[in-house]
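Below you'll find the structure I mean.
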Amino acid sequence: MGFFIETMLGGLMTGMLYALVALGFVLIFKASGVFNFAQGAMVLVAALAMARFSEWSNAALGGDSLFLANVIGIIGAGAVMFLVAWAVERFVLRKLVNQEGATLLMVTLGIAYVLEGLGQTFFGSEIYSINVGMPKDPVIMFEGLIEGGVMINKEDFIAAALAAVLVGGLTLFFQKTAIGRALRAVADDHQAAQSVGIPLNKTWVIVWCVAGLVALVAGIIWGSKMGVQFSLVTVALRALPVVILGGLTSVPGAIVGGLIIGVGEKLSEVYLGPFVGGGIEIWFAYVMALIVLLFRPQGLFGEKIINRV
Amino acid sequence: MFYRENGQFKTSYAADQEIFTITQDKWFVWGLIAFAALAVPMLVDEYMFRAILIPFLVLSLAALGVNLLVGYCGQITLGAGAFMAIGAYAAYNFMVRIDGMPLIVAMLLGGVSAAAFGIVFGIPSLRVRGLYLAVATLAAQFLCDWAFLRIGWFTNNSSSGSVSVAKLEVLGWIIDSPVEKYLFCLAFVVLFAFIAKNLTRAAIGRQWMAIRDMDVAAEVIGIRPMFAKLSAFAVSSFFVGVAGALWGFVHLGSWEPAAFSVDRSFQLLFMVIIGGMGSVMGSFFGAAFIVILPIFLNQFLPFLGSLFGVTVSTAGVSHAEFIIFGSLIIFFLIVEPHGLARLWSIAKQKLRLWPFPH
Amino acid sequence: MNMTDTNSSSTAAASAPGRRQGEVILDLQNISLRFGGVKALTDISFNIREHEVRAIIGPNGAGKSSMLNVINGVYHPQEGRIMFRGEERKKMEPHVAAQQGIARTFQNIALFKGMSVLDNIMTGRNLRMKCNIFQQALWLGPALREEIAHREKVEEIVDFLEIQHIRKTPVGALPYGLQKRVDLGRALAMEPQILLLDEPMAGMNVEEKQDMCRFILDISDQFGTTIVLIEHDMGVVMDISDRVVVLDYGKKIGDGTPHEVRNNQDVINAYLGSGH
């Protein structure tokens, strides 16, 4: 029983991290109707920038203040993400207004390649570490309820809490602020939004910035957990089923989808894996998403898709 | 000057519907095929065959398959690598499990197996499109990656996980030198290119394009979306599967599942975008470009660096490759969605009018 | 005056010059269509007779296009029956309607942009092409003969619509008026029994409208095709149609000959506002 709950909690924590990446997908899709395959590359670039800026400034400061180095790192990485957002809008999106979804999708694949190449050229392609002082030691919880208690990483716990805060904030931002409404209007119809005076270009820069910051948070958490390396980009491929499951337009959907996929993956790997040779995590998530897709193409929380003639 | 079509009048609809309606085009393509079959084997060395020509031919065939689906039928796929893998492993199993199985039959059966799976993974396309379909094809990709790595039966329980084919033989002709391998691939590619061209100008091709351009209208004039989409998936997967068998059997010789990873799928999609969506010729341009660019950069960038006194590492070259590929994808999607093939036809158009500018 | 009395309308229409009216080919009975809570069509009944030109008119948002979409199976009404040649039609997909001989054109031109004019019209022959995929792959014998036979048919349509000069142009590059003609050509290539035209003259200048009217009347005269027409230009509707059905807010408010409809008080109210 304790083991089952441990597995499940582990799944929930991983799920929270998937949700963070998925959140980036949802944000950009909501505001520009673009499915951003480059989200994984953005996580990588953000994490690389963070790791290297804090490393460099730490060296420049003589290793005195890790905190200050990290702050510089975050500011630097934030600036890089802003630059990315600006460049994407200026050189790509602006020229593709009112194009089909499939074209935009493929364009983001191109953006992903460019980001991966540039990021590694500037920041290097070794394995780097991020140390933001996350506690690594496990704690034992629920000792009174279950025999032996349940072991949880403090780090995972903090990460999950951070993700939850981020999600709450973003939901409020979309529902309650004028910018949030403008973003949703743009997603609905580029031309119509423009004609009521919403500045398309600015809106896009803002939303890519927000997605960049989400990528930065995800990058810091994933990076401090597993080290910053190229394989971070595959996080995007792991988070893809999450948004399909939750619905592309729904912020809460990304969270719930993330949790379901996280738990489903872990449980299937532990309880089903041994029978079929293991390593089933990735495709299991996809098959789950696929099944949902067949019955509810809009995902669990997405808006219904209506075709008009 | 020589590229003129005056005087070439069509007197029947049959003549008007030929593949090459301009005589010079016809001679050019036949000349090119003859050159590739007769002259190239005498002109180039082994390295050229191994590193450039054979990969180019096989990947052209795969890109052609992807183009039928993406460019002609408008259905996105990120799982082409998986169908190459299915083709390769199925052909391998037909070879090792059935005594006396002829090579070509095994490869075609590999293609048929890929087509069958293509239909299965194409079923989601009946309900969803764009990104959602991309996810379904990615599911195929990851499922295949896993299955060929973990399920021993597919690899005939090979202990290392890699499989190989002992001897390539067609009717007593043993294919072992690079030249022979090249000619073998060439024959496949030429044949399949003509089949692709025929399909795309026939009723089935028009159905695919109709679905691509305006699916509701297509249905209203009586095209069954299910048949059109699934047939595109089947034919495309068949092409890709045969290409996979060629890649495994002829180019690699022995291979592991990683040879057909998701990176391969992306690469094939990029070939189609850069070469030209909805163009048979474009598939060849795209494949040539993507095969040659890394080799070119490997030679050129260190040279360029040395001019400025900078050493360019191998890692640096591979990053540059990423940046260049990515930029080109963006460039072509924005500026010329019909890719290199369109640039080619613009050049031909200019040549028709040359030396007069208009 | 009883606008729904089919007897009076058919006798009146019989006086329309040079055109026949046959049996009822399509009978729509009490059709209601909803999208979620929104009622698009409410309890609409009317019929279409063979060989006639039947117009559907009404202000914007009256449900005219929805009506066409119901007829060719794009939308499925929640209530009501559709009788086709005396048999009740089950819920069906658009391609089945196409097989039964119902063709249509679109309000916002739905041509296949990446294909040439010839190829667009050739897609209309699709249902009549029987060669399988293997024959097509080899492009020999039967496939070649079939392709040429249908090409000849398509060329007849090209001649009929006077678009010979743009045969091989990609339709995306054509001006609006010509695109409308190609759209009509594609529907004609199906050799339909019923042809649904959704605002065939919207956005055209007078000259283009005259051409289009001529084509529609020629189709009716030469092929005897039953035509269902949505149009805003009242002059055109009154001139070329045999019978007119008027919709407003998803309800039928009038049905009869052009003359009868013109004098119907409900129709006048709907068009001019009830103050008049």
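So that you can tell them apart, the chains are marked A, B and C in the order they are listed, and the count of residues begins at 1 in each.
Rule of thumb we're sticking to: a contact is a pair of C-beta atoms (placed from the backbone, for glycine too) under 8 Å apart; a residue touches a chain by one contact, two chains touch by 3 or more.
Bear in mind that the values here come from a model prediction, so they are computed numbers and not experimental data.
A summary of chain positions shows that the Cα centroid lying nearest the centre of all protein Cα atoms is that of chain B.
Chain centres computed from CA atoms place A at the largest separation from chain C. Centroid to centroid, with C-alpha atoms defining each point, chain B and chain C lie 42 Å apart.
Chain B has its Cα centroid 33 Å from the Cα centroid of chain A. Distance from the chain A centre to the chain C centre is 50 Å, each centre being the mean of its Cα atoms.
Counting partner chains per residue, chain B has residues 216 touching two or more of them. Annotation for chain A: residues touching 2 or more other chains are 309. The set of chain C residues that touch two or more partner chains comprises 74, 106, 110.
The residues of chain B lying in touch with chain A in their complex are 74, 76, 124, 127-132, 134-136, 138-139, 142-143, 145-146, 149-151, 216, 262, 266, 269-270, 273, 315-316, 319-330, 333-334, 337. Of all residues in chain B, only 12-14, 16-17, 195, 198-199, 201-204, 206-207, 209-210, 212-214, 216-225, 231, 235, 278 touch chain C in the complex they form.
Chain C makes touch with chain B in their complex at residues 72, 74, 93-95, 97-99, 103-104, 106, 110-115, 119, 122-127, 129, 131, 133, 136-139, 143-144, 147-148, 151-152, 155, 186-187, 190. Residues 35, 91-92, 95-96, 100-103, 105-107, 109-118, 120-121, 125, 237, 240-241, 244, 248, 276-280, 282-283, 286-287, 289-290, 293-294, 297, 307, 309 of chain A touch chain B in their complex.
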